[in-house]
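Chain nomenclature is as follows: A, B, C, D and E, assigned in order of appearance, with residue numbering initiated at 1 for each chain independently.
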Amino acid sequence: MIIRPPQNWFVRLFNWHGSVLSMIIFRLGLNLFMSIVAIIAWPYYENLNIHLTVAPFSLLGIAIAIFLGFRNNASYSRYTEARMLWGSVTITSRSLMRQTVSALPEDTATQQKLSHYLTAFSWCLNHQLRQQDATLDMQRLLPADAAAEVMKSTSACNRILIFIGKEYANLRREGKINDFVWQNIDENLNELSRCLGGCERIANTPVPFAYSLILQRTVYLFCTLLPLALVSDLHLMTPFVSAFISYAFLSWDSIAEEMEHPFGTHPNNLALNAICTSIERNLMDITGQSPLPALPVPDKRFNLI
Amino acid sequence: MIIRPPQNWFVRLFNWHGSVLSMIIFRLGLNLFMSIVAIIAWPYYENLNIHLTVAPFSLLGIAIAIFLGFRNNASYSRYTEARMLWGSVTITSRSLMRQTVSALPEDTATQQKLSHYLTAFSWCLNHQLRQQDATLDMQRLLPADAAAEVMKSTSACNRILIFIGKEYANLRREGKINDFVWQNIDENLNELSRCLGGCERIANTPVPFAYSLILQRTVYLFCTLLPLALVSDLHLMTPFVSAFISYAFLSWDSIAEEMEHPFGTHPNNLALNAICTSIERNLMDITGQSPLPALPVPDKRFNLI
Amino acid sequence: MIIRPPQNWFVRLFNWHGSVLSMIIFRLGLNLFMSIVAIIAWPYYENLNIHLTVAPFSLLGIAIAIFLGFRNNASYSRYTEARMLWGSVTITSRSLMRQTVSALPEDTATQQKLSHYLTAFSWCLNHQLRQQDATLDMQRLLPADAAAEVMKSTSACNRILIFIGKEYANLRREGKINDFVWQNIDENLNELSRCLGGCERIANTPVPFAYSLILQRTVYLFCTLLPLALVSDLHLMTPFVSAFISYAFLSWDSIAEEMEHPFGTHPNNLALNAICTSIERNLMDITGQSPLPALPVPDKRFNLI
Amino acid sequence: MIIRPPQNWFVRLFNWHGSVLSMIIFRLGLNLFMSIVAIIAWPYYENLNIHLTVAPFSLLGIAIAIFLGFRNNASYSRYTEARMLWGSVTITSRSLMRQTVSALPEDTATQQKLSHYLTAFSWCLNHQLRQQDATLDMQRLLPADAAAEVMKSTSACNRILIFIGKEYANLRREGKINDFVWQNIDENLNELSRCLGGCERIANTPVPFAYSLILQRTVYLFCTLLPLALVSDLHLMTPFVSAFISYAFLSWDSIAEEMEHPFGTHPNNLALNAICTSIERNLMDITGQSPLPALPVPDKRFNLI
Amino acid sequence: MIIRPPQNWFVRLFNWHGSVLSMIIFRLGLNLFMSIVAIIAWPYYENLNIHLTVAPFSLLGIAIAIFLGFRNNASYSRYTEARMLWGSVTITSRSLMRQTVSALPEDTATQQKLSHYLTAFSWCLNHQLRQQDATLDMQRLLPADAAAEVMKSTSACNRILIFIGKEYANLRREGKINDFVWQNIDENLNELSRCLGGCERIANTPVPFAYSLILQRTVYLFCTLLPLALVSDLHLMTPFVSAFISYAFLSWDSIAEEMEHPFGTHPNNLALNAICTSIERNLMDITGQSPLPALPVPDKRFNLI
């Protein structure tokens, strides 16, 4: 499925993307309030001996933009790494099924059993990362006793991998899969283990908290003080220009904040449900099961969940 | 085939590259219109109590340039990653054929059959990514029943990989390919699976929509308001300078937008047809088939399709 | 375990994160002191023939921000690489146990012995990197003679890897693990060796000392001289603006300094104890041991140790 | 061979490096011409109602510097990737010979034959990338019929790889090389295939033409207009300052242009001849052939060809 | 061994790090000299019709900072890549010894022989990269005839790898090491080959000479002309501010220059001797040899050699 937002710049410009604006609306309001304060206070600047010029704010603003660029890079690379890991879950599940189907072309029961285990692994990882209850999906996809053992375990996804490993080891011992095939399969299991570990790492190691705090405080303070400095140059135009500058800085900070935690259910997070459904459809297609679960459809903001 | 645009700076300067300019011409026009508004309105600025100076726009412009730099990096790395994945499809197809030809030096029929499957995989991926109909190419390259099954499948490319996997598994079972050779072949099939998954990931996970929206709105608003701020310094020179600055910002945004979706058929997208033709030629050369399909030729903008 | 700091911007803004502020409080005080000096000295500037304007400081400030951005990248990439290496220790330990459990499903004693060795490896690496005494953990997890030999060795962690390698080699020679399984296990041991070597590399190759010295001296001198340049524009507002700018620069420098050495026990260092506990819990879960050690809990700054 | 340009800054400063300066001399001249125009026209600015100040050019100049930084990164990463691929050709050729010599310690004839094939591969790739005729080197290194077949093929380098693959497959079938050794050799052949494909990718996928066009036009226009804006501040100093700024921008653009196409024979391109000679010397040293071809010597600009 | 420079900012600030300052002292002096020239010439500026303002220098300075940032990235990534390659030499040598000791637990003679070969490889690479004579270390570590052959060879390090490869091939032929173990060992030999090739690549492919020349000339010219532009704003403060700015730019350029060639014996180069000693200690520890060579100690600048 190819997802491409509208390309016409005019359509894009007036596309309503509530998510980010709604997150910064209060801070933008604060900025407008400070603009009004600045306009009212300005005639008394001389008397109060207040001097604020744009120059030092310009220096600070550019420094903040550079730091925001750094934070955006860090957040975006977390997002893309998370997407790559889920891409690898998809790829590796399909490769494992290809190897299984090629090695056991007649044994449909085993093929489908393993496809259920692999599907269960991706849904389990999804629920773990989003801190949701995985019971329903586990019961749907796994044999009753395996589902119970998985739900009891303190590391449910890893437990499913152990099950899969044991299945293939049994097939090897029974001579159904030869040693050479097993070796390549085992390497793909290692890859699934890497994906699991990588996702856990991203989820439990946020960018150090102090990092984002320092930047956000600097951004908020900058946006709040900016009108006081702009007013002597811009007078009545202060609210427009300072709101515009604040919009740029606050929305970039907001979206960086969203991408930093890619496993949530916010609009700019990863569409884990869609990915899992896609894996399920792929594995069912390979092993000839039907009917396939419905394809997810992007919402009007071009996001999937 | 080596593609190198003309190096002489003078020839380059006057080379017409319609694609980008045509995409931003309307917005550039808007900017010129605002310049005229600004020149007409300027004498009344005093009366209207409007004060707009370059300083805050300078701060904002540099911040926007930094953010544009970030977006360019993100888009360009999608483009280069997509190119690398297709490079790997080429490389892996050739390696697979080398392994096949070395292992079965006499069995020309099998060699050619597998070369057709591999060629079909690359064309099928091309058509899937560009959302085109693959039927003709599938019928041209695959046996009738395989072509029908592939076109019916919900994941056509993966289905071809499954076919290829089964072919090699049969050759292994028949003892024509020994286990050691099979292992290395299977790893190359995994690599094709990675390329497929990687391309799908790039196609169905655009840079979060909010990201480009925020930047584009900021850029458009900046370019539209710029003349109003420049006019008090530049008077009649306003249109020239503001159009120049807008050209730089808008065209960088436009090209980033194009590269972000590298699988289209725009001039700055990847030349998937040329790559597929090249793969087809290579595999035919290796297995001694002829006549080779014609080499694609870059158009006058040094683009291939 | 998913760690996500509070997302509400208002709660974040007033969250006390002592660590960084306490590190720069003295230098911020120095900056305020210079501001007062500047305000007092300013009326005599004319007589002393002192001229300091914001323009050259603006140039320097932006240059410093660019260099700080470079240093932040270097430090942050050390931090993330260190986290990746520890992530790989987790992943590889689990993969090794999966392979062991699959290959020896009945032999619980060997499973648990190897899980202890692997747990000992991670704790030993933790203690080595933090320059702590590992004796207690070694005695808890290893047989007495092995623990003694490890503690005597000049490269304790590597010695544990040698033990693990010998265990698997014995299992191979005894025919309990076949050659194919052994090969994949041996590759995972190589990966543990890579993690060990990578962590040692990060610990014993700091960013060249001269690098951070030059930057820090420039930052400190810049922050100290800034009030003298700002005072002619800002008069009484000098302390506020210069403290704000200094806060941004000094805190970014401070946090880069902390991340550069990710193996310490500072708030923004890696939570090695939590990672080791998590590895221990995972391996015990896989091999059916109990009771599991308690999960670590993040402190009020969302840090683990 | 260690290549290190002189380190003394004074010697470096006055080292003549014609290549870049000669490429931009005309554009620098144009800039000087515009400076003279500006100085002559300036007294009439008032009458012509022309107003041009440095501020908007400063904004644009910094934006262009940021974009130039991006282009430099893109070009330099093409250069380093190309160097890495050729490094890998060297490494893999040596590893293949090490494996061959270890497996067939007595069979000098086969060793030397394979060393010739590998040397031919690197020279063939060199000539293909530089669009030179490879006939002489092929005839020198390959048996007559193989040379003829290679020169006839539409993908000559790949054809050599096929030959090498068949040689090793024959050695495997004849039992001279066992299956395990063959597996590792085959992986190194895959690596050579990756290097070939990677080099082709760099050569036939330039940075999209529109990208460099936009930047270059912006740079040229900026440098041309700059004197008109500087003249009101700098009067007679305009030519010096504007030539200095233009020199910085134009030379960075020029060198980025050179690095973007690393396989040429320009001074700042890769020294493919030197690398191929070095591979040839290495393989001859390993297989005990003599006399070795002469080591290439860097020219007075510290470049090899 | 954990190396961590003092963390107290005050101690750091006054830590004498002669290396960089001594490299730029002459150029800083030149800058001070120009400041004095500027102060003396300034009263005559009007008469000489000289106009120099900070604005164009500000634009140029920021552009130069951006380009310096690029050069720092390029140099630092050469440094870290070199460190990674040497880290991999350490890791791979230890892994090879682990595999050898596990496979031949009784055969101490062979273990120690191979540990000597591996140690010789790292010392030989060290001496080759630093262009030092390796004879003493070769004679100390290798059998007399092997040492002689290595010293005669045109690619000494590679020759040692060939020896090691032959040793393992012999062990395989004699049945002491089985084929599976040999395969994994051979992959580690390939890795050593990659490290060797990677280090050679860094040593014989400097960042193109024109690159650093352009930047350095721009930096020097900028620093030299800066006082002339600053003097009209700063008068007597010119020397202080211009020396400060020059210090920042020149020292960043100097340290980038040092890191670009990481294999020298300068303070900010890699501590190859320490790394080789550490490898030697590790391999002796694994194979039970004694006494270990002494650990290197960092000097007062926290550098090892």
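Note that contacts are C-beta pairs under 8 Å (C-beta built on N, C-alpha and C of every residue); 3 or more make two chains touch, one makes a residue touch a chain.
Keep in mind that this is a model prediction, so the values were computed, not measured.
Steps from subunit C to subunit D, minimised over paths through touching chains, total 2. One rotation lays the C-alpha atoms of subunit B on subunit D, and its angle is 70 degrees to the nearest 5. Chain centres here are Cα averages; for subunit B and subunit C they lie 38 Å apart.
Mean C-alpha positions place subunit A and subunit B at a centre distance of 23 Å. Each of residues 55, 58, 62, 66, 69, 73, 179-180, 183 in subunit B touches at least two other chains. Contacts between chains close into a ring here, every chain touching precisely two others. Here the chains make one closed ring, and walking it from subunit A through subunit C gives A, C, E, D, B.
Against subunit C, in their complex, subunit A makes its touches with residues 23, 27, 49-53, 55-56, 58-60, 62-64, 66-67, 69-70, 73-74, 129, 131, 153-155, 158-159, 161-162, 165-166, 168-169, 179-180, 182-183, 186-187, 189-190, 193-194, 196-198, 200-201, 203-206, 208-214, 216-218, 220-222, 225, 257, 261, 263.
Those residues of subunit E lying in contact with subunit C across their complex are 1-5, 7, 9, 12-13, 15, 17, 19-20, 54-55, 57-58, 61-62, 65-66, 68-69, 72-73, 76, 79, 83-84, 87-88, 90-91, 94-95, 98-99, 101-103, 105, 178-181, 183-184, 188, 230, 233-237, 241-242, 244-245, 247-249, 251-252, 255, 258-259, 267-268, 270-271, 281-282, 285-286, 292, 301-303.
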